[in-house]
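Read through the structure below, which is laid out as structure tokens, and then see the notes.
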Amino acid sequence: MKYAFNTWCYSSFPVWVPAYPIEEVIKRLSGIGYDGIEIGCAAPHAWPYYLNAEKRKEIKELLDKYNIKASSMLPAPGGGPGANPASSITEERNWTVQHYKDVVDLASDLGTPTVLYVAGWYIYGTSQQDAWKYSVDSLTEIAEYAKKKNITICVEPTSSDSNLVQTADDALNMMEQAGQSNIGVMFDTFHVLYRNEVPSDYVYTMGKNLKHIHLSDYNRLAPGQGGMDFLPVMQALKDIDFDGYVTMEVGFSSRSTHPDSVARLSLEHLKGLEKQLK
Amino acid sequence: MKYAFNTWCYSSFPVWVPAYPIEEVIKRLSGIGYDGIEIGCAAPHAWPYYLNAEKRKEIKELLDKYNIKASSMLPAPGGGPGANPASSITEERNWTVQHYKDVVDLASDLGTPTVLYVAGWYIYGTSQQDAWKYSVDSLTEIAEYAKKKNITICVEPTSSDSNLVQTADDALNMMEQAGQSNIGVMFDTFHVLYRNEVPSDYVYTMGKNLKHIHLSDYNRLAPGQGGMDFLPVMQALKDIDFDGYVTMEVGFSSRSTHPDSVARLSLEHLKGLEKQLK
Amino acid sequence: MKYAFNTWCYSSFPVWVPAYPIEEVIKRLSGIGYDGIEIGCAAPHAWPYYLNAEKRKEIKELLDKYNIKASSMLPAPGGGPGANPASSITEERNWTVQHYKDVVDLASDLGTPTVLYVAGWYIYGTSQQDAWKYSVDSLTEIAEYAKKKNITICVEPTSSDSNLVQTADDALNMMEQAGQSNIGVMFDTFHVLYRNEVPSDYVYTMGKNLKHIHLSDYNRLAPGQGGMDFLPVMQALKDIDFDGYVTMEVGFSSRSTHPDSVARLSLEHLKGLEKQLK
Amino acid sequence: MKYAFNTWCYSSFPVWVPAYPIEEVIKRLSGIGYDGIEIGCAAPHAWPYYLNAEKRKEIKELLDKYNIKASSMLPAPGGGPGANPASSITEERNWTVQHYKDVVDLASDLGTPTVLYVAGWYIYGTSQQDAWKYSVDSLTEIAEYAKKKNITICVEPTSSDSNLVQTADDALNMMEQAGQSNIGVMFDTFHVLYRNEVPSDYVYTMGKNLKHIHLSDYNRLAPGQGGMDFLPVMQALKDIDFDGYVTMEVGFSSRSTHPDSVARLSLEHLKGLEKQLK
């Protein structure tokens, strides 16, 4: 198994502090033993418009030096610009699609093979069907752009935060409707727990289309700290020969988090479970 | 007393749903009995770059029709672009200052007299002093711009989320160092409670410089729902002849919020207390 | 407003005791002041196959004598036979459709204008789309049968228990796809709260298609006992000129319930709120 | 010790989701290491009327292939048809007795030696004595039928859900009054805990008549997850040379259950305790 760690809990998104420069995060995660770093595209780490070519080159060199891959990338949903690809506001949709393309460019510059797609949400007065159609159209355009750069777009159900793509089947449906060969699906155990569903089932249901995964215990705690049993989901990943990065997206929703501890405890717990797999 | 309600809990910031169009929010808050609406400058309500002149005119007319004032405005801190005026990243500071100017323009277009200033935060590797200086410089430039439009900038201590301007005295110091006549201070009871300090003390300490206020009970609950005693802070506002808008900034941190209920219960509680003031 | 009370908490479904004969429940609910009784079609009250013509006539006469209407009826989902109209098991779907027809017959015999439709759920190995199609087909056949008896079928989103029709828009979509003039929609505040959504929004979104409603506070407590603010949903019902029965579906999930108390406290709370409506 | 796992938490009874086809459950429980599977006779697993001869043959072959026994079977009490053998409604009693016979047939077809008997409950207006007599009569008829198929009927006290057979002595009395040689007794630790009694005492009291057992921690949690000390009950089972299946009936009362985890953790805990027995 390859392991990666998402940068939110080292950034100022969505909680403002504590936060660390991206250079510091690369060094720390490498030191803790991660193979990959999932980069959230927000300030102060990687808002694309604050990173010129020179800066990108420096980050890439630092990743190489510390022998850690930029394994995946994702925009920061919500916040000022919204970044809702299902928005009924044309200006927001257009900006969001362009922003995803800019994230794809950044991914390409840092050698990142995967960009996550949060399908958006609908607000009072917009119908679920219209929002769905907007999101399929946005996804199609983004994936076509990403295809030229050999980047895979992964659709993620985000039931806890949104209301559009909520289940494994929703994600698979959206993938199919967008109809591009470089679209896959992923899921986050946190959202599956919010729905009172079973994470290992998502692995088998998504099967060969599962290109990425987020692990989180209840309450965004480190795996092993919140009470979820991670053995079945780890076994399921082995059963389907998952070869992506097992990525932690944890610790970022509370100001009292200690990012290095969260990163280390997550990795220790999962490596311990890996030895018990059949 | 004049009362206003902040739009975050009707928007998709920082929690994505439920959310409502700005037009719907104006109608609802007016119906509930508010005198003012504090507009958070984020999608889907008021990200300045999604609102052209025509759209701004429509919102202004709707405000007039429903007899409710756009009493204040604030940017959405955090999220993708950061919007940290104390950032050590030059690109972020520059964008943030320009963004505040754009918010000031929007405020001017909607007849809004007040824009809030969240002074930012420093991250690992930046010193508190440097961040402070960056923020004073940003504030100065923003206030100079706002002065031409007759808009007051209010410095808010945000201890719960950040680490730079944390107390009443921090806010007053920053106000003085920026040295512009159109800068005042404000505070949010939520942040005062986070510091285990006494909200009514802040009123007397800030005194004539207090130009705005946010009321919130513990856990961002509606005043009266979380256990804080609001009588002293209401009495203090009367004692200093506060003539700004008593503004609720509540309900936005939980997905399970029911915005209309939060808005109504807040207002009922405070109007009830108003009758008890000496 | 007309008020009705669902019989589950007086029956042995899904908790087995305490339970009361249907005759007793009719007398008690009439005495408490309800206009209608929503009859759950399970033993010991109204499993259709235990009620011959004579027995049905007796119940109808008792309803008339106590001046209370059998306002609506619903099958008991789950349990031995499943009653899942979206099941991938043909035998279960067929039985379920026939059972709904038998419930429609019982409704007709008791002068009941409305039968609720729980759209079912999909299990591991069945796709969401297949289940959706099965349920639309089942609903279509049931509604065609009910049309001849002048009975309306109401599609209910049941997010807390199932995984197919979860939102207001899901219910509206299913209604439209089945395409029968005697299909409407309804919702239960309990399921809306489970989704962290806003009940009054469901009223406005469903609008003229809203033919029925279930009120329940958090944890299936009586309205007013669990913390939800029912004023907005009551106001919304008045705003859209809702003329159905405001029906409590409460108290049935706990063995420690006291049915008469739950029925009385619910009614008192809502009648109190009714006086505050604009 | 032989261990078995009850299927409720993989079915849609009494909570509708998550649920799995019976074939999937057989494979999973075998993989986890169980010797037996206790089959709840409800949809989607084993509602007898949805399983024709061919389907039963397929399930039997699957059990053989995966080397796991259908160790026991039980009807789904409550739900639409009630299945209350103590009901004062003649139609319900008759249906229930016939249903038990149909369950006995299914048990026979799958090579299952044991069927559980939930003695029912009485509702307001029926006396305890009448209900008791009804249940003894029902049990007698069921046991006579089962005797011809070499199947044992086990009377279970279910204090938490019902009000008729509540204690070890109630179960023994009913067994004796029915007077059939193929009747035994059993108990579920969950119901014993509900009565604030001591599970190991039940083992010694029931002694040689104890033919089956359900283990569950507090709140239907897996043994070891809820705080009950299972060592005494395990020791007692060894002391009386219990040779039935130690069967978990857990996890089914909450939608948030993860069935595979519950099954695995239960087994690990009890096998660990087994090593400590004298």
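Labels for the chains are A, B, C and D, by order of writing; each one numbers its residues from 1.
Heads up, the rule we're going with is that contacts are C-beta pairs under 8 Å (C-beta built on N, C-alpha and C of every residue); 3 or more make two chains touch, one makes a residue touch a chain.
What you are looking at is a predicted structure, and each value in this text was computed from that prediction instead of being measured.
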If a chain touches subunit C and subunit D alike, it appears here: A
Interface numbering overlap (same over half, different under half) for subunit A and subunit D: different
Relative orientation of copies subunit A and subunit B, as a Cα rotation angle in degrees, nearest 5: 180
Mean-CA-position distance for subunit B and subunit A (Å): 31
Where subunit B and subunit D are represented by their mean Cα positions, the distance between them in whole Å: 60
Centre-of-Cα separation between subunit C and subunit B, whole angstrom: 44
Residue numbers of subunit A (touch at least two other chains): 124, 163, 197, 201
Chain-level touch network, classified as line, ring, star, complete or other: other
Interchain pairs in contact, sorted by label: A-B, A-C, A-D, B-C, C-D
For the subunit C and subunit D complex, residues of the former touching the latter: 12-21, 24, 41-44, 47, 49-50, 75-84, 87, 89, 91-92, 95, 99, 121, 123-125, 160-163, 255
Complex contact set, residues of subunit C against subunit A: 124, 127-129, 163, 166-167, 169-170, 173, 195, 197, 201, 205
Partner subunit C, residues of subunit B touching it in the complex: 17-18, 255-256, 258-261, 264-265
Subunit D-facing residues of subunit A, complex: 193, 196-201, 228-229, 231-232
